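In the two complexes below, chain A is the common chain; its partner is chain B in one and chain C in the other.
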Partner chain A sequence: MAEPFEPKITAFVCNWCTYAGADLTGTSRIKYQPNVRVIRLPCTGRIDFMMVLKAFTRGSDGVIISGCHPNDCHYTSGNYHARRRWMVFRDLLEFVGIDLERIIFSWVSAAEGAKWADLVNEVTSKVRALGPYRELRQLAAVGID
Partner chain B sequence: MARVGVFVCHCGENIAGTVDVAAVAKAALDMPGVVHAVDYKYMCSDPGQTLLKDAIKEKKLDGVVVAACSPRMHEPTFRRAAEEAGINPFLCEMANLREHCSWVHDKGAATTEKAIDLVRLQVEKVKRDRPLQPIRVPITKKALVLGGGIAGIQAALDIANSGNPVLLVEKSPSIGGHMSQLSETFPTLDCSQCILTPRMVEVARHPLITLYTYSELEKLDGFIGNFKATIRRKARKIDEKLCNGCGVCQQKCPVKKIPDEFNEGLSFRPAIYVPFPQAVPNKPVIDVKNCTYYKTGKCKACEKLCPTKAIRFDQEDIVEVHDVGAVVLATGFKTMPVGNFSEYGYGKLKDVIDGMKFERLASASGPTGGAIRRPSDGKEPQHVVFIACAGSRDRLKGVPYCSKVCCMYTAKHAMLYRHKVHGGQATVFYMDIRSAGKNYDEFVRRAIEEDGVKYVRGRVSRVYEEDGQLVVKGADTLLGAEPVEIRADMVVLATAVQAQNDAEELAQKLHVSYDPYKFFAEAHPKLRPVETNTAGVFLAGACQAPRDIPETVAQASGAAVKVAGLFSQPTLTREPIIAVVDRQPPPVFSSCVGCFLCKSACPYQAIEEEVIKNRNGDVLKVVAKVNPGLCQGCGTCVSTCRTKAIDLEGFSNEQVFAELMCI
Partner chain C sequence: MEALQTKAKELLAAGTVQVAIGYGKGTGNARRPLFVTKPERAADLIVDAACTQNLATYLTKHEVRVMGRMAVVAVPSTLRSILQLAAEKQIREEQVLALAVIDGQVRELATFEAIEEAVATIPDAMSEADRNMIDKLSAMSVPERRAFWADELVRCVKCYACRASCPMCYCERCTTDVNRPQWIPVASHAVGNLEYHVMRAMHLAGRCVECGTCGKACPVGIPVHLLTIYAEDSVRRQFGQRGGASAKLDYAMSTFKPDDKEEFIR
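Presenting the complex of A and B:
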C-alpha cells in the first residue's frame, strides 16, 4: 500500500510579526503539523512572487504568505506592497491556470502564536485533501522553469 | 568551495527530546559544502561557543550554521562568537530547531526530517552570505518620553540626570498621571501627592528636561538614534509666559458645571481650569468645547479680568518637529468603565463606583476633603462592599488576565474606609488574594486582622437598589457556595486595568508590537522587558502590562538606563542588512535602468538618484542609489525592481532562491 500523501508546505513570513508569532507558538508549546518549511524574510514586501512559483516548481504542494496585520508593518508599508502585488499576481496565476487554493495569504502578528498553529494546520489539512501538486513540477522537468 | 560547519544544539532536552540531533548532524555532513557537523548539549554555553570557535579555526570554516533556538534569541550570541574566531559575523546563520520544530511537533521521523530540512535551507543560505561591515550612524543624544505619569517622570529624570536632554510630552494639561489622583499608596499608606509632587516639580525645574504638556505625538519617522518626532502642542489659549497662575480666571468663569476629570466626575470645574492645585505647570487651559466664547462668540470674562493679560483666544496649535535618538513609551493605562457591568447596574447606580472614584473620595485633596461620602446623597456609608476582579480574570465578559494591583488597592480602600468611618463595615468579595510583593501580604493581613475588614471568597452575581440601599447578592464559596445577601450603602468595583484607548494607534505610529489587549509588547518577556521590537523605543510602566508603582518606577529607571547606554556610544552600529544597487564597470555601469519604481516603494526615502557622468561632465546614466544610513532593509524595493538591479544583503535573491531549490 502506498504511503499516505504528506504535503510539503512552504511559508514565506516576515521577521517581525509572523516569524515572531511562530516563535511564540513554540514558546507556548502549541503543537501543529510538521509539514511546513519557513523561509524567513525581513518583510512580506520582500516577497518576489517568482519565489512562490519557484516553491511550486521545486515541489511544494502549498504556500503560505504571512506578515504583519495592515497598519502594523514594522517597515510602515511593506505589507501593503505585498498585498497589492499579491492582488495583481493572483489574477495572473488564475489566468495561467494555477490552483489559487494552494496559496494562502494571511496576517499573523507577533502575539498570535495560536493563530500560526491554526493556520499551518488548516493549510496542511486543506492541501492534503487537494492532493499533490504536479503541474509546475512537470513543466520544470521538461525545462520550462 | 564552501567550508560550512553545522552545530546542532540539544538545548538540554528541549530539542534533543523530540529531534534526533545526532541524525541531524549526520545528515548535515552529506550536504554539499558542509565539512564539519557536530551536536552538543548547550551551544550557547561557554564550552559550546568555544567548540564553535575552535572548529572555525581548526577546520578553516567560512560559514557556520547553528541549529538551535530562534535567531531572534541567540543570533547575536553566535555571530559574536564567529567574529571572535576570526570570520565575518554575518557568515553565521541559525536554523530554528526549537521554536519552529522541537517545541511544536511530536517526537518522530517527520520532526527530525523537518529539522534536517531547516538545516539544509540555512546551509544553502550561509554559502551565499557575503561578509558585511556594520554601518555606523550618528546618534542624536536627546530622548523623547511619551507620557507624564510616574513612569514618564521617573524615566525623564533618570535620563536627564545621566546628562542627556529629554523632551517629556504629556497629552493632558498637567503631568502626574493616575498617581496624582491616588489618595494613599500601598503598602506604606503614604500619601501619593506627597511623594509625587516633589518629582513633578523637579521635572519642571530640571535644566535638561523640556516639558510639553497638552501635547501629543503626531508622527515618528526615522530609526534608532535618528528619529524625527512630530509633536502637536495643542493651544491652551493662554500665553504661558505671561500667566502667573493666580487663578482669577477660574473663579470668574461663568461656566461651572463641567464634570471634573481629575475628580472622576465627582465634582465640577469651570471652562478655564487647572486640573488640580498641584498641577505642573500651574497654568490653566481653556476647554474649547465648553467655553461660552467659543460656543456663542460672547463672554471673554477671563480675558477682561486676567491681571497679566495672558488670555489668547486666537491661539492656534503648534506643530513642531524634534530630532531625538530614543523614545520611552510611558503612556499608562485606563480602567474598565463601570458601564460595562450589567450585573452591577451598568454604571447607572450612583453608589456603585470604581476604584479611581474611591481614591478621589478618600483623598485629602478630593471633592469631599477626604471624608467618605456616597455620591448619591452625600451620606456617610455605613457598609461598603468592595468587589475585586470586576472584569479581570473574566474570560466571558472581561479580560482574561489578572490586573495585578486590585487585590492590594482593595485592601487599602477597605483599610482607609475603616480608618475614616470607625463604625463602618467593610466587606470584600474576592476570587483569590494575590499579594506577592515586599510587605504586601502583611498589608492584606493587617486589613483583615487589625482593621477588621471582612473578606468573603466568592463572586457577586448582582447588585441592585432597594429602599435607598444597594443589595449585593453573592456566594461564599468557602461555605459551600452559600448564598450571601448584603445591604450596603456603597459598592466599590476593582475594575480591570486596560490599555489606553489610543494604544493601538500609538503602537502603529511607532511600529511597536502589541498584544491582543493592546498592551505594548516587550522584545523578550524575560530578558528584554523594557525594549520593544523597534530598536530605540523602550517601555516603562502600565502601557506594557498592569503594574503597580514600585514596579513602574523600577521599569522606568530600567528604560532610562537603556537610553543612557545607547547615548553613551559615540556612534551607533547598525546591522548592515540593507539594499544595494548593482554597479558594474563601463559601459554598463549598472543594470539599473533608472525607472525609480523602488523610490516610490521605499518607506524610508532611502533611494537617491545617482548621476553617472563622463570626464566632460555629460550625463551618461541616472541610476538608483541606496542611502545606507536611511535604509532599514525591508527589501520592498528588491521585489519591485524590474531588472533585478537592486538586492538585499543577507536576504538576497540568490539566497532565497537557493533555499527554495532545496525544499
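Presenting the complex of A and C:
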C-alpha cells in the first residue's frame, strides 16, 4: 500500500526575526508539524524569486516566505523592498498560470514562537489537502523518462 | 523621410555626430538597422510604418560607442528607452542625440530634458493586438493560462534574441550566464524556459518601455513581450510608476512605500 501523502514545505526565513521566532518555538517546547524545511537567509530582501521557482521544481509542495514585520527589518528596509517584489511576482505568476495557493507569505517576529507553529501547522494541513504539487514538476520531468 | 535624411546629413557633415543609427532597407519590405557614418550615405535612411525595432539597444553597445557621438532615429518607445538608460546611468547626454519621429515629423532632441518633454506628450500606444491578447489571457482561468504558456514556451530554443534585442538588457553578465548556481538550465527545456521568461519579465518590471521588440525578435513567434508588458503594467497599476518617463531614477522596484498593500501577507 502506498504511504499517505506527506507534503514537503520549504520555508525561506530571515535570520533576524522568523528564524529567531522558530528558535523560540523550539525553546518554548511547542510542537508543530515536521514537514517544514527551513532555509535561513540574512533578510527577506535576499529571497530571490528564482529560489521560489527552484523550490517547486525540486520537489516542494508548498513554500513559506517569512521575515520581520514592517518597521522591524534589521537592515531597515529589506522587507519593504521584498514586499514590492512579491506583489509583482505574484501577479506575474498568476499570469503564467501558477496558482498562488502554495506560496504563503508571513511576518513572524522573534517573539512570535507560537505564531510560527500555527503558521507551519496551517500551511501543512492546507497543502496536505491540496495534494502533491505536480504542475511545475511535471514540466521539469518532460523528456526525462 | 527627406527631412530626416537632410537632418542626418547635416549632423554628420558638421561633425555633431559621428554615427547616425537608423533604419535601412532589409529583405523584402522589412527594415533593418543601418549605421550611417558618411554624410553621403544619409540618403539610405528610411522612415515608415515598418520601422518598429527599438534602436536604443545599440546605444549601450561598445562597438557603436567607440564611433563617437550617436544620433539615433527614435520612435516613441526609443525615446523612453533613452530616458531609462539615462536614469540607470548607462548613457550620458553628450553621447546621444535623438532624431525623434513623432507623427511623421522629425525633431532633433539633444537633451534629456527635451526628450522628457516630448515623451510626456506622447500617449501610450500599446498595439491593439497586444491589448486584446492580454485581455484574453487575463480572462482565462489559471490552468488555461498555464496550458497557453506551456504550449508557447515549449518552442523556445533559448537563442536569447529577446534579451539581445532589448535596450534594457545590457548587463555584462546576465543571470542566464551564471552557472554557480545554474539558475537557468542551458538546454531548451519546458521548465527552464518558463523560469527564464519569468526571470526576464521580473528583471524588466518597472523598466520596460513596452516597445514589443523582444516579441518581434523571437524567431519562433512566442509573444514574449506580453510577459514584460504585463509585469510593467502590474508595476504601473500597483505603484503608479513606469519605466522610461524620466532621466532621473524613478524605479518602482528600488523603492517602497510603508503602506504598500499587504493583504496577502499574514
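Convention: the second predicted complex is superposed on the first by the 141 of 145 C-alpha atoms of A that agree within 3 Å, B and C clash if a C-alpha of one lies under 4 Å from a C-alpha of the other, contacts with A are read in each partner's own complex, and residues count from 1 in each chain.
Definition applied: a residue touches a chain if its C-beta (ideal position, glycine included) is under 8 Å from a C-beta of that chain, and two chains touch if they have at least 3 such contacts.
Just so we're clear, the structure is a prediction, and the values are computed from it rather than from any experiment.
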Q: In the overlay, answer first, second, both or neither for which of chain B and chain C A:I104 touches.
A: second
**Q.** Touched partner set for A:V142, first chain B, second chain C, both or neither
**A.** second
(Q) So in the superposed three-chain picture, is A:H81 touching just chain B, just chain C, both, or none of them (first/second/both/neither)? (A) both
Q: Have a look at where A:L130 lands relative to chain B and chain C in the superposition and call it first, second, both or neither.
A: neither
Q.
Which partner chains sit in contact with A:R90 here, chain B, chain C, both or neither? Use first/second/both/neither.
A. second
Q. Among the partners chain B and chain C, which is in contact with a greater number of residues of chain A?
A. B
Q: Across the two complexes, find the residues of chain A that touch chain B and also touch chain C.
A: 49, 54, 71, 77, 81, 85
**Q.** chain C residues within the chain A interface of the complex
**A.** 137-138, 142-150, 175, 183, 189-191, 194-195, 197-199, 201-202, 205-206, 227, 230-231, 234-235, 238-239, 252-258, 260-262, 264-266
(Q) Using the touch definition from the top, list the residues of chain A that touch chain B in their complex. (A) 6, 8, 10, 15-17, 19-20, 22-27, 29-35, 37-43, 45-49, 51, 54-55, 58-60, 71-78, 81, 85, 109-112, 117
(Q) Applying the document's contact rule, which stretches of chain A touch chain C when the two form their complex? (A) 49-50, 53-54, 57, 70-71, 77, 80-81, 83-100, 104-107, 119, 135-136, 139-140, 142-143
Q) In the complex of these two chains, what residues of chain B are touching chain A? A) 70-73, 96, 98-101, 103-106, 110-111, 113-114, 117-118, 121, 507-508, 511, 513-516, 521, 533-534, 577, 601, 603-604, 632-636, 638-640, 648, 651, 653, 656-657, 659-663
